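Following are the structures in question.
In the two complexes below, chain A is the common chain; its partner is chain B in one and chain C in the other.
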Partner chain A sequence: MRREGSPFKGTATIAFKEAADHMTSARMHLIMLLVLLTAIAAVYGAIGRITETTAEDPFLFLKLLTEAREPLPSFAALLGFLLPLVAIALVFDAVNGEYARRTMSRLLAQPIYRDAVLFGKFLGGLLVIAIALLTLWLLMTGLGILFLGLPPSAADIVRGVAYLAATLAYAGVWLALAIAFSTLIRSPATSALAALSVWLVLAVFWDMIAPLLASVLAPIDPLDPMTVVTQFETQQAVSRFSPQTLYGEITGMLLNPAARSVGPLFFDQVQGAIAGAPLPTLQSLLVVWPQLAGLVAAMILLFTLAYVVFQRQEVRA
Partner chain B sequence: MSTTVIEAKGLMKRYGSTVAVAGIDLSVRAGEVVGLLGPNGAGKTTTILMLLGLTEPTEGSVRILGKDPLRQPLEVKREVGYLPDAVGFYDSMSGRENLAYTARLAGISAELARESIAAALDKARLAEVADRHVGTYSRGMRQRLGVAELLMRKCSVAILDEPTSGLDPQSTQELLELIQALSRDGMTILLSSHMLNVVQTVCDRIALFSNGKIGFLGTIEELADKIGGGAFIIDVEADGIDLSEIGTSAKGVKSIVAGRQGHWLVEAERDVRPELARLVVDAGGSLKNLDLRRARLDQAYNRYFREVVHEA
Partner chain C sequence: MRTIARWITAAALALGATFACTPAVAQDQQQEVAKLTGFWLTTPHPELAIRPGETETIPLTLRNDNLPPQRASLEVTGVPEGWAWSLRGGNREISAVIVAPDATQEINLELTPPEGASGERVPINVKARYANQTADLPLVVKLSEAAEGGLELKSELPALRGTASSTFSFKIEATNDGAEENLFSLAANVPDGFQSRFKRGYGSEEITGLPIEAGASENVTLEVTPPRSAPAGRYPVVVEVAGGGASATTELSIEVTGQPDVTLTGPQERLSGQAEAGKEASFPFALANNGSAPATDIELSASPPSGWKVEFEPVRVDLIAPDATRQVNVRITPSEKAIAGDYMVSVRASGGPVSESAQFRVTVNTSTIWGMAGLGVIATAVLVLGLAVMRYGRR
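Then we have the complex of A and B:
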């Protein structure tokens, strides 16, 4: 079947309208305020710790994002926790909201493909998150320059940008999940609840569920020491079903140049390595490549689900 | 000029076990105004959705200007404007912004859009409130904004689902005039409505839906004819005779109903005024008035659903 024109015709129009809506919505203002306040608190804590402990470190600015002062989490941990909330808040009613407002049939009666609506909503959300992340990062860097009294190094910036890109992919997973729910479920309130439940399970409870599942799937045999390793690996595999875990591993590698591996270290991996010596950025990226690919795959999978359902949906509102 | 613009063949839609549309054939020629009538749940909206490709038919095919709305959606949607029933807009945007957004989606250049939006808002009598949030609009104002969108789009086909619902009498009248103006400009129009006088005023032909089928498709005169009443109704006023007795001998008379003293309503399948006049005079009566009226849709409609559908 030959389709006339690009399936993306109208996507940009919809994406920009969505982004503009988000930027002016009270929903977005509220949640960004929450993110901003906690982020500033986290970085402030980190600055305190850095000035107390380290004097010289080639990656001071990365430390800004990873250092935590009790009881506050680090900026990176905070973002991993809150970003799904931001994504869900942005698009939990992306599709069913149009039905609820009875604008969907009018929208789809315009000469655009249905693809454009879904892509536009997704990109609109992603655009807003990208802008917010960039702003946050610049703000943090600014605070760092102010309080640490020196500019970020080139490696700081390269790794920071890679971290931002990975964070965007992570946000994309949650955007796609929320859009999928908003397509599958007709009531916006219910779809928001469904997305939040998934977030709760994957972000909060998964750390408890993964060991449980692993002990069932790969029980430890007291006589066979290898079963310990097997169980550990099973647990790791199970926990990687959560984007939270994948993202945690990515940030761990990207923001900590000294890290060698996301899993247990075996002797051959450290052989010849100088303890604590930084890994080149590219090497770090290569280590977390599977995790990044996993995030992107999850995003595509969820989006495809939403797409398939939406294409066949009856539009009576 | 009689190219077929909308053509549906064996169109059918099933929702689980319920049949919403049970295999209909419909064809609308260029420049025609066709009205879809029928009780609630008869399948009018479902038919419209299938014509637009907004829902997939279970069976059957649709061609709009020779194109399949499911396979060539862009070509079809570029030519067809649609006003859904209970149309919705983005409440936090003004009426003008809402139209500007659809204009961008429709690929109308910003300059052109600005002019046609202003003109359309003007025609729909929304110019004064155009910059207010749609959230503050009344139901009728939203409906008129929907009409304004159609005017702005300048399509060659318009499909309107209950366009007059929620409109006050004056707006209804204006909408009818707008529809007639569009029709004069050559637009092909399909509309569904429960307001029979609306349909009677603007439609060339009507389709009567019942239980997912089109029971009748044709002009109002043909409908009146089909249900056994005449297409012609003649109001007779005379003295000195009883028209109920003598009038039936005229050829073509279907029924005579006595009204007030000296008044009769004659239904006939053709214009029988000369015959009636002769009969009255021959019987020694004096004829005071002979008035020809067109068949009234509401009468024909009610009779159709009482008699034809009930018997089936």
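Then we have the complex of A and C:
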């Protein structure tokens, strides 16, 4: 029997309620404090380096995000590492937490469909991360203006916004993954551990696994130099299964206008090329567009998985 | 035999002694001559030509050697009727002179024949009466209509050849044949747009006039710079030097040889353009000849990065007239593997004396096919989600 009306009715209500809950939760406060402190330290270090070493740069505010001062990593690297943690912390118990608190049946007693609950929880998490990211970026830019004494250029802002959008998609992947685990696994602690282990594998160990896999899939023939290239390309393809790699490539292209390619370059491609000439923002975006599309598609597919599992679950327990 | 030889030797010795004495005697005699005593009236040019209507100055010299101070009253006779004359010394009119012992007194006789005067030889007598003697100086004045050979110009190389961008320098020797030192002004009559400069000898100062002593000559360098746009051809240059009533001209000539000057400019005078990897892009280049001679047989070539294709249409330009422009289509196909960003392609036009190159910056844009593919991936994901909602929605 088909029921009437839109399945998404009430999604916005749930999303905003969810976002408000996150905003006031101690969990969120703690993890955002961690992010904020490390980000400020990273940018402060970057400002120090820039004022020491850079005479002139048309993309000073992008440098602010990529410049690193030992022992701190750069702002962009820090976000790539910490954002999955934030996303997992937000929604690792989104669905199974409701079961554990026995509030799911109460929630579904409201005149809404189940669709709206999951969509609302996902969008609420995404909204919170978007707000946090925007605030963080504005804060860093403000710090930059304060200490460097220069306003950001238009290209800085356009690239910064594109970088924020890509970062949001990256966070969305982990958000969708954590929601999927929270629907699949009944215990919140187990789902949190599962999400964290996937993150550990993809973020930390994948760089070691990819060369191993590549050497198995495309062994090097000592007599054929092209197999070296093939193996490198295989390794790159394997490592791109990790959102961390995709996000790293997007960051590299968007925050460094002089970067022209993410793959290996042959000499005949570089011959006659003018090094250091900045690429138009749209061209940089086009170069990493496959990576960006991959992130967005992965986010949607993971969420679809969670959605299908959730829709088929028995909720009356 | 022996005795004879001895005699001869003795005679030769005696003769030698005699001759050895003679020069000393001669020297004494010369000193006697130098210590001449007397009073003279002289002039360097006792016969000279003068022009009617002009005042001619004839220098006279009174010399007193070894005599007490002499007062000499001067007298000029034989000056024809209507001629003006005066004796001047120290800028005053004079009629008598006192010459100290062993001294010289310079005076001038100024003669002004009237306009239209004639006469082959006019004898004029100048007398100086001193003590009770007379020093006589007969002068013969000839009247001549023709200018006195006052100034002569001689050019070492009167015809020069060069391009429109070279400087032509003429060495001219100016000789003052007049009787006096004079300041001569220099002028060069050059075609419009040409620039001329006079320099003295090999000096660097620009001059407009030059003093030349009587009978001396000076080297003058005339530098002529044609305008860059001067068409090929022969140009006359007339140099005129004038001063002290004399003037002289000399005609020089410059031959400017034509030279093509071809410039290569990109589309809309820009040297950059956009292309897509693996796709042909066409850029209209312009070949302009700003020189003064036609440029012929210009071949176009390019040195692109490897894997790129650059074609010209036409490949060869047969002729570009001066001040004419020819369009050349440059079709650039970046390599399939070209990465996004800027590449340098150098485009050359060469042929004969023409060699021009331009660095053309090609911005390679990423093909949007992958963008479409990415959108397709996202659309597929959204479609899967939509299908899931359709299948499992509203529970």
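As a working rule, the second predicted complex is superposed on the first by the 307 of 317 C-alpha atoms of A that agree within 3 Å, B and C clash if a C-alpha of one lies under 4 Å from a C-alpha of the other, contacts with A are read in each partner's own complex, and residues count from 1 in each chain.
One rule holds for everything that comes next: a contact is a pair of C-beta atoms (placed from the backbone, for glycine too) under 8 Å apart; a residue touches a chain by one contact, two chains touch by 3 or more.
Since we're looking at a predicted model, the values are computed, not measured.
When both complexes are superposed on chain A, chain B and chain C end up sitting side by side without clashing.
In the superposed pair of complexes, A:Ala109 makes contact with chain B only, with no contact to chain C. When the two complexes are overlaid on their common chain A, residue A:Trp199 makes contact with neither chain B nor chain C. In the superposition on chain A, A:Arg101 makes contact with chain B only, not with chain C.
Set against each other, chain B and chain C differ in how many residues of chain A they touch, and the higher count belongs to C.
By the document's definition of touching, of the two partners only chain C reaches A:Thr304; chain B does not. Of the two partner chains placed by the overlay, only chain C lies in contact with A:Val296; chain B stays clear of it.
Judged by the touch definition given at the top, the superposed model places A:Tyr247 against neither chain B nor chain C. Remark: in the superposition on chain A the angle formed at chain A by the CA centres of chain B and chain C amounts to 160 degrees, rounded in steps of 10. Within the superposed three-chain model, A:Gln283 lies in touch with chain C and out of touch with chain B [touch as defined at top]. Once the two complexes are overlaid on the shared chain, A:Arg312 sits against chain B and chain C alike.
This overlay, made by fitting chain A, leaves chain B and chain C with a least C-alpha separation of 6 Å. Residue overlap on chain A between its contacts with chain B in one complex and with chain C in the other: 3, 5, 113, 312.
Residues 2-3, 5, 7, 113-115, 260-261, 265-266, 268-274, 277, 279, 283-284, 286-287, 289-290, 292-294, 296-297, 300-301, 303-304, 307-308, 311-312 of chain A are the ones that touch chain C when the two sit in their complex.
On the chain B side of its complex with chain A, the touching residues are 45, 49, 52, 54-56, 71-75, 77-78, 80-82, 84, 86-92, 101-102, 104-107, 146, 149.
The part of chain C that touches chain A in the complex is made up of residues 304-308, 335, 337-345, 361, 365-366, 368, 370-371, 373-375, 377-378, 380-382, 384-385, 388-389, 392-395. Taken together, the chain A residues at the contact with chain B in this complex read 1, 3-5, 9-10, 13-14, 17, 21, 24, 101-103, 105-113, 312, 314-317.
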